[in-house]
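Both complexes below contain subunit A, partnered by subunit B and then by subunit C.
And now, the complex of A and B:
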């Protein structure tokens, strides 16, 4: 069997269905199986990334019906890059949480199934070429996220999950309504074909559909003012789940936003670009100012995460090749750096009341390695050279300068100062605060240490040699910007519904 | 003031939804010609009887043309059951067993449900086995079976389900669906592609892999909904 993009969905689904039985055979299997699946998917990613680099976009037809009658998976350099990133991050999350709920197998089984399905949903959402299938994967992500948020079954977790559930269910409804309206206008669900037929849709209808889509997907992408669920969910969910939110769920949401605005509606001359810049700007400023006021470490990280997504939206709103390049680079950096910050931050606040920052005084001496990881992450995320975060910020600023958006540059720099203040406040407390008496340290697991070390090395390597990754990001940026290419590839040459000469205009 | 603002916003949303919706003509034929299909719907209607030999076109769309979506929907249900199980989980203490929290039922209900329970199960099985011929299918049949189980839970306080059996049914049905998909990938080159003889239209054994998938879905939905009901309706007591 030759590897193909559908393995990203079929194999983990099969494993998730098998896991309840395997757990009855041997209870260690439930911890090992996700690792095996993710390793295999890592291998598939490597093979497919090489193939897409040499042969171009891979289209996989499902159930023997080519698009638009059936569903297809579209593995472009952009979607492939995100899928690979998600698989790699899921593997590290699995390593980090290998001993999760060691004493109680039943919740551990549920946890590993939910986490595996979260990965499946995110990767599937990125790869699919069909808008309804997109919605199905959105539901898979949403349902596993709700359950994982409430996983500790305490009062705050239940509140956070309930909030997320209400907002998320409302968003799903609007998203589905948008699909219904769209289908009533174009008579197809394939995203490439929708894109072809979009210019026949009346403007008032287009605006309604776009607004419904933006609200529906903006929740997952943490766009202001739809991100009320995020701080609670990040801080109440088990720590590996916080990492998964930052590395998978938000990335999938931003991907969806970009695919819908860039491919379905077209970013040029439609006013969507300035709209994304404004929304991104508001998200960025609101989130960073709120982060400054937080006393709980996890909430601070959550607001910082929202702010970064605002930054990504701004870059996608500018819409030039350089800006999109910076945006994708930032998505990559955010996944690895925020992953490291959440992993190390969770160990720091493991035994402190309310996860508050003020109890972290002097932890730099008590937990030297973890504090070092956290400080590295903090330095990288504010964009200091020579760490990974520097490059993405630089590219976005250069793109803004090219577009003569000087106000935007000023805004980004001011916000960066705020970011430096609240991150360095924590780092300063770690190293220069007076150690408190009698606090109990949490010893990190071996898997957790390996995962954090890999992330720290990745941050340093990408910081010093960005060239190892820029080739992939450059291809990804070209791929998302070239809608005609996407349509041509996704619909293929054989298409009875839309003559080929209509596709390329 | 705040309520007024909310009302105003709701009115704006309602208007902006009404305006585009009102442009869609009610009852107009949007399908177009079935002989020369220009929409996806017309294409399905024209191709299904000859190429899949499935009498119920909806089933053909749900299980074959868009079978990948159905695999996703099955996983959503699986996730809902798993998530509920994880949130409501409590470790069973020594000597505890689960009993239904429903109120004691009357003799009438008990006698009646005994009579009707097998009939509901048979109806559910009929609906999902004939999913490719008549209206209904795996999801509907599974839900019918679960209502039968709900009836028994309401009538008999000590009626309870064996969770090990449910887990096995659930997992095996899910594995069947995914394995058929992967078998399609090996035999017929694409995931979930039909690789079995399609038979003649309107026969019980027709439609290739479609009935098999729908039977698996029926079992899975029934087991999952029953599991959810059991989790929600029972408490652990000594």
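And now, the complex of A and C:
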């Protein structure tokens, strides 16, 4: 069977819409089908990652309309790396939530459909080469996230979801307005061709389009001050959804931000780089200081997630090869480490009132394995050697040192200390706190244990042998930095006559 | 008062009403306290942007952008045709807007059942 990037979108979307029927046939199918789909997509990812490493960028033209008229999928080393990461994380989330809502099947059906939609949207957004298609995938992500946030009736999910929806719908409206203005200026929707024609657009227009785009995508990327939705959504949504937010939604948002600034507008000498550094810095400082005073574990993890995205924005703002390398490495690390933290953290606070940290005293003895996983995640995310988080932070610091940005280095180090304080507060309480009497432990499921073990092993392996991943990240960094090659590849498919020209002749 | 260009007046009216709709919607989203009214405001902004998009693709006295079989093209050479892309996109955007509105209204119902009110200033369990 011939694999192609279009399977990433077609297969999960088809499965998601077939699931209500399949669930009628056999109730267990709704839990098994997402796993089969994601395993197949994992196979597709492996094949395509190997092909892209040897043959270069893969272009998939949809419905026979070649670029720039039709929609194309662009599978570069960068987009391929992110797509593979997202598929892998979706698979682990599926393992983790295999027994989700085992008692009543109706909500479970909706949950698995929405998770598949979320995967489709995130991977599709990363792969598409068309700005309007990008917007459609953004809306698929947004709609399934709203619904997943409001999943629990008894929690305050609806309020968090409405807050998210209000910000998200407003932002996507601005994104659409940006597309309208852009189309009126360049007359095309293909991102590669927009990039070619961007030079002719007047500067004032460019700035307004860029601002509208940044507000539109900044929501998903959790950029300050557009991240007000995140803590509520993370804390009110079911715990696997929190993992999905950290591993898929935010990654897709950051990808969008990078694609728009790097490819569409060009990062060099445009002032966008310093702007990203400043926004990332503010995001980082605000988030980490707010995280310090959180009493709820999930809210603390959410703010920490925002802070990490601040790091990523700073690194992309510096814009050298080394910095971009560090940023992509950090995106990878954040997905696996924050995934582990959310998965283990939600077992820790499963029965505590309001998910508060103060009730976690002495859990290190009561839930030894889960506490160990959480501590490993905490050590890794603050960037202690020899765990995975260390390398990404190191590369970002080295890139900042190369650019003689000493203020930035100081900022990153100070913020790291804040990070250490609030993570170790939790870890200290787990192991050295006085155990409270009579709290009921939640026994983790087998799937959950496997998922967490895989993530923990990944953190350790990448920490000790970063070489197994750096090759892919290096190719990804070169790919995003080389706009000319992206344009050449994406438009290179125009070598035969398009349907319209065929008709005219 | 000679040569009043009808097309010019039309285009000013269309662009003006598009901007007007966006501003009305913004006012509703920012100032209204009732959740349903906020959602109506979002829909009005959407409508304004759709109108703007259609207006950009419109050419006065343009023809339909339809190609037919070789040789008997409906569009003879030299005539202007209306840009079909914005119309196709607006169609998609309307569907997306419909989906968002539906989800939003169902959330309002959920919120109303939970809090017995649909006013945004009386729902304050989470920090805004």
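Brief remarks follow.
Please note the rule applied: the second predicted complex is superposed on the first by the 491 of 505 C-alpha atoms of A that agree within 3 Å, B and C clash if a C-alpha of one lies under 4 Å from a C-alpha of the other, contacts with A are read in each partner's own complex, and residues count from 1 in each chain.
By our rule, contacts are C-beta pairs under 8 Å (C-beta built on N, C-alpha and C of every residue); 3 or more make two chains touch, one makes a residue touch a chain.
Since this is a predicted model, take the numbers as computed values, not measurements.
In the superposition on chain A, A:169 contacts subunit C only, with no contact to subunit B. In the superposition on chain A, A:232 contacts subunit C only, with no contact to subunit B. Applying the stated contact rule after C-alpha superposition, one finds that A:70 touches subunit B and leaves subunit C untouched.
In the superposition on chain A, contact of A:60 is made with subunit B only, not with subunit C. In the superposition on chain A, A:146 makes contact with both subunit B and subunit C. In the overlay built on the shared chain, the residue A:17 is in contact with subunit B alone; subunit C does not reach it.
Contacts of A:111 after superposition: subunit B is touched, whereas subunit C is not reached. More residues of subunit A lie in contact with B than with the other chain of the pair subunit B and subunit C.
Looking at the shared chain after the overlay, A:159 reaches subunit C, while subunit B stays out of its contact range.
By the touch criterion stated above, A:268 is placed in contact with neither subunit B nor subunit C. Annotation: subunit A residues 132, 136, 139, 143, 146-147, 150, 153, 158, 161, 177, 184, 189 touch subunit B in one complex and subunit C in the other. Those residues of subunit B that touch subunit A in the shared complex are 16-17, 19-21, 23-24, 30, 37-41, 43-44, 47, 64-69, 71-73, 75-76, 78-80, 82-87, 89, 91, 164, 167-168, 170-172, 174-175, 177-179, 181-182, 184-186, 188-194. The touching residues of subunit A, when paired with subunit B in their complex, are 1, 4, 6, 9-10, 13-14, 16-21, 24, 60-65, 68-71, 104, 106-107, 110-111, 113-114, 117, 120, 124, 132-133, 136-137, 139-140, 143-144, 146-147, 150-151, 153, 158, 161, 177, 181, 184, 187-189, 202, 204-205, 208-209, 211, 496-497.
Looking at the complex, you find that subunit A touches subunit C at residues 132, 136, 139, 142-143, 146-147, 150, 153, 156, 158-163, 165-166, 169-170, 172-173, 176-177, 179-180, 183-184, 189, 228, 232, 236, 500, 503-505. For subunit C in complex with subunit A, the touching residues are 29, 35, 38, 42, 45-46, 49, 52-53, 56, 67, 69-70, 73, 85-86, 89, 92-93, 96, 99-100, 103-104, 107-108, 110-111, 114, 123, 125-128.
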